[in-house]
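Each of the next two complexes has chain A plus one other chain: chain B in the first, chain C in the second.
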Partner chain A sequence: MLERGKIDSKQAVFLMIALVLPTAVLTVPSVVAKLASQDAWLSVIVATLVGLLIARLVVSLSLRFPGKTLFEYAEEILGRVPGKVVGLLYIWWFLHTNAFILDEFGAFLGITILPDTPFLVFFIAGTFVAAYAVRSGLEVLVRYNQLFLPLILGLLCVIFILSAKDMKVARLLPVLDTGLVPILKGAAVPVSWLGENVTFAMIIPFLNRPKEAYRVAARAVLITGFFLLVSVLVSLAVFGPNLTRAWIFPAYNAVRVVSIANFLERLEAAVVAVWMLGGFAKIGVFYYAAVLGSAQLLGLKNYRPLVAPVGVILVALALLCENTVVLFDFLGRVFPPYALVFELGIPLVLLIVALAGGKGGKKS
Partner chain B sequence: MIALLVLLFIGIILFEVPGLVKKKMWRELAAFSVFLAIGMALSIPQALGATLPNPMKAIEALFGPLAELLK
Partner chain C sequence: MIKKISVLLILIFLTGPLGGCWDRKELPELAIVLGTGVDRTADGRIRLTVQIARPSAFVAAGGGGGGGGDVPAGLVVWAEGETIEDAEMHLETKVPREVYWGHNMILVIGEEMAREGTRMVTNFFHRNRQPRETIWLMVAKGEAKDFLESHSALEKTSAQAASFLARMKLGYSVSSREFDEMLASKGVQPVATRVEVKRAGTTLGPGREKQPSNQKQVELTGVAVFREDKLIGWLDEHETRGLLWLKGEARRGIIAVVPSPGEPEKEVSIKIRRAKTKIVPQYDGERLLFNVVIEAEGDMLEQQSRKDLAKPGKIKALEGAMAEEIQKRAAISLKKAQRGYGVDIFGFGDAFHRKYKKEWRKLKNRWDREFARAEVNISVKTHIRTTGLLTRQPYLPEE
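After this line comes the complex of A and B, so read on.
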């Protein structure tokens, strides 16, 4: 067994929220408003429903193979060689997605508070902290997250409530003016983000009560969806659709304009804290998935030796992205179909083949 | 820049390799070497100022037609 740690259901819910929310909560409003204008919040509701389906698919697949991760049962379902190929593709996807997360992490800090610092510094800082957590094992990563995620969610609630003064519901009108197609198109990006929950397939074997995985996944997706929805609603109600899509981080700007009694101001520091605390956790989970997956694919007894080299690969991949404009164009346009292959396509094929071949036990 | 990077690689090797050799974990050592070699191949050219082919371009070409739907 490569990982001896066990996590309970509450920790798993927190981990799944951290898996999606930190980068999504600030970037989703702008990307979705580009496609769906003032109906962006409807896109997020659609995306949350699809996210629930993806989470259910991943859990059903994992529970057929108790105690096994995605990399182990892919080999069992498809046979040795095709299973290894699928594993290799997933390692690539975990690494590449993590490089994008690092890019977003750096872009946010670089654009908002540290404009003169080279992105390399953010990449190294993010990777180093995550590497330390990953090397210490799943339980350390999970406990870090258990400590900070409630703080993150609490801070988000407080700052969103404080921006209520600047909101106008009229900016959300007219509802459904753009028609159904833009709303569905707008849902593609949040779906690809909520679908990152496929990484949960690497964590399910370490739940101390795997039977609760369905409830864990559903709860995590609903909470994440709720915060994305609030973030989009706040951005739209404060700025309207045109300004929301013009900014990269509208939710951050919404917090910047909060000024209560000329005293409670400059709350954006809280957003930066949320971003950094959550960013480390999110980078850590994808990092962990890539490293554990590689070790399982190669049949190693210990995944720890791979942590440092994989960190170098991550930083190098993150540096390959030329600039922030290219990054957000890619995330808004190319990332959804690319990610859905891994989030929906491959798991669906695995489940169908497993059902057809009678592989895996009865659902417990 | 390149000197710092070489120092980093020496540091990583000194940090991991003695323990692996002592425990005779050859398979792990081989995997470690392969991953570190990939890391070097990706980072050293960038530190020297060369432009590497960006995988984002390949993925964009692969998923381009589908991505057009999201405009």
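After this line comes the complex of A and C, so read on.
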């Protein structure tokens, strides 16, 4: 066993929320509004439903192979070589996705509060701290998250409530303006984000009550979906669809608009705090998944020697992104189909093959 | 042991940079912009004018040690460039501090610049992280520079005076994000506050009795009307009142002056406390009709007539006169927008879009033409709550 830590169900819910929400809450509204205009919030609801299905798929697959991660049961299902190939693909995906998370992390800080700092500094600082957490084991990451996620969610609630004064419901109307197609198109982006929950497959073996995994996953997806929904609704109600899609981080701008009695204003630092605290947890989980997966693929007894090299690769990958235009174009256009291969495609194939071959233990 | 020592060394080393002090910006190192003006120069360049606060003047006012009032509260600097950013760079060569936009309250666009288009002005203010989305957008009759160079006797600077005036929302005031939202929608054309520099009232003080007042001060005098991002005309203060009614932005503080029942030459003032506007479009593929329902509630606060108006019947009559007055005001603005400028500044198109989403797709690209020939019914429901502290004129002999 590479990881000796155990986490309880509540911690797992928190971890899964941190796996998706921190970056999504700021970038999703703009990307979805580009496709679905004022119906973007409907896209998020559709996406949450699909996210529930993906989570269910991942959990059913994992529960067939108790105590095993994605990398281990992929080999068991497909055989040694194809299993290793799938493992390699997943390592690439974890790293690549994480590199984009780092890019978003750097882009946000660079645009909003630290314009003079090179992105490399954000990448190295973020990766370095995450590396320390990953090296210390899953439990450390989970405890960190347990401490700060409630703070993050609380801050989000407060700042969204405060912007109520500037909202107008009329900006959300008319509903279903251009029919269902744009809504479904718009849903692809949040689906790919919520689908990042596939990383949960690396965590399920370490749950102290694996039977609750279904409930954990469902709860996490619903909470994440709810906060995404609120973020989209707030952005739309404050700016309307045309301005929402023009901003890169509409939720951030919505908070900048808050001014109550000309006194309670300039609260955007709270959003930056959410981004820093949550972004770190998110980077940490993907980092952990990549490191643990690599160790299992290589059959190592200890994953620690891999932390530093994986971190270096991560920073290098993050540096490949040329600018924010490329970044957000990728996230809106390329990422959904690309990610869905890993979030839905491969797990589905694995499950079908496992069912057909009668592999895996009794269905729990 | 070595590990402990190295950890300790790292910690000691980190205490230096962690404070972030190498990059600190103290207040006295900043030139805080309070108001910005953008003009088009004769040779087609952009002139950026900023009003910069002089912090010491703001501190002295609190001290009460006297003399604070004589310290100039700000200075006005301008520079030209190809773009706003370019002009800002030239500006920074004149200001020995770092220009800080975070407290900019107003953006005044000169008339010439506004006629050419606001898009090339506002982009800078949204793309940069310092200026805020909530700054008031105004259009100066004449040059924005003259506006910023004017003085306010009551506030420290004219930028503050103008932004406080805008915040009171007695006229129509619009923040830059609301302006851009109107600009982005096909169902409404933007309007912005019009500002002018006018002769100020007299400043009082010992030794000033005999000095003639030649001070200038800022005034909000209606709105500027746009087609897309280009200024095409103005509404004066009276027409602006109608705009507020139709846009549903009539807020507390507006006065309706109506003729006294039975005595048309005597006036009654009614102060509006709250108001609501509903625009209900009706479309059968041919005829475009808008039913505008305005509901207003107010208090009667002044009468010129000698009669006792505090009677149920008279109040009813006053409510009727009030409705008529509001209806008239709204109709004047409407006519000016439909016939005079041919632009939908009230957001009828947005209301139409909300109700007829399919038809909107056909009409949206020629909306202003459709709007100009649309039929509009304005109906007003009014309600008078109180007559202030008085019932009738008290200083009349009993009859």
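Note that the second predicted complex is superposed on the first by the 364 of 364 C-alpha atoms of A that agree within 3 Å, B and C clash if a C-alpha of one lies under 4 Å from a C-alpha of the other, contacts with A are read in each partner's own complex, and residues count from 1 in each chain.
The definition used in the following text is that a contact is a pair of C-beta atoms (placed from the backbone, for glycine too) under 8 Å apart; a residue touches a chain by one contact, two chains touch by 3 or more.
Since the model is a prediction, treat every value here as computed from it, not as a measurement.
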{"item": "Which superposed partner A:338 touches (first chain B, second chain C, both, neither)", "value": "first"}
{"item": "Partner chain in contact with A:256 - chain B first, chain C second, else both or neither", "value": "second"}
{"item": "Chain B versus chain C as contact partner of A:243, first or second or both or neither", "value": "second"}
{"item": "Chain B versus chain C, judged by how many residues of chain A each one touches", "value": "B"}
{"item": "Touching partner for A:330 - first (chain B), second (chain C), both, neither", "value": "first"}
{"item": "Chain B versus chain C as contact partner of A:112, first or second or both or neither", "value": "second"}
{"item": "First (chain B), second (chain C), both or neither touched by A:301", "value": "first"}
{"item": "Partner chain in contact with A:315 - chain B first, chain C second, else both or neither", "value": "first"}
{"item": "Touched partner set for A:180, first chain B, second chain C, both or neither", "value": "neither"}
{"item": "Chain A residues contacted in one complex by chain B, in the other by chain C", "value": "none"}
{"item": "Complex contact set, residues of chain C against chain A", "value": "23, 102, 129, 132-134, 167, 177, 180-181, 184-185, 350, 353-355, 357"}
{"item": "In the complex with chain A, residue positions of chain B that touch it", "value": "8-9, 12, 15-16, 20, 25, 27-29, 31-32, 35-36, 38-40, 42-43, 46, 52, 54-56, 59-60, 62-64, 66-67, 69-71"}
{"item": "Complex contact set, residues of chain A against chain B", "value": "35, 96, 185, 188-189, 294-295, 298-302, 305-306, 308-310, 312-313, 315-317, 319-322, 326, 330, 332-334, 336-338"}
{"item": "Residue ranges of chain A in contact with chain C within the complex", "value": "111-113, 115-116, 170, 173-174, 176-178, 239-240, 242-243, 246, 253, 256-257, 259, 262, 266"}
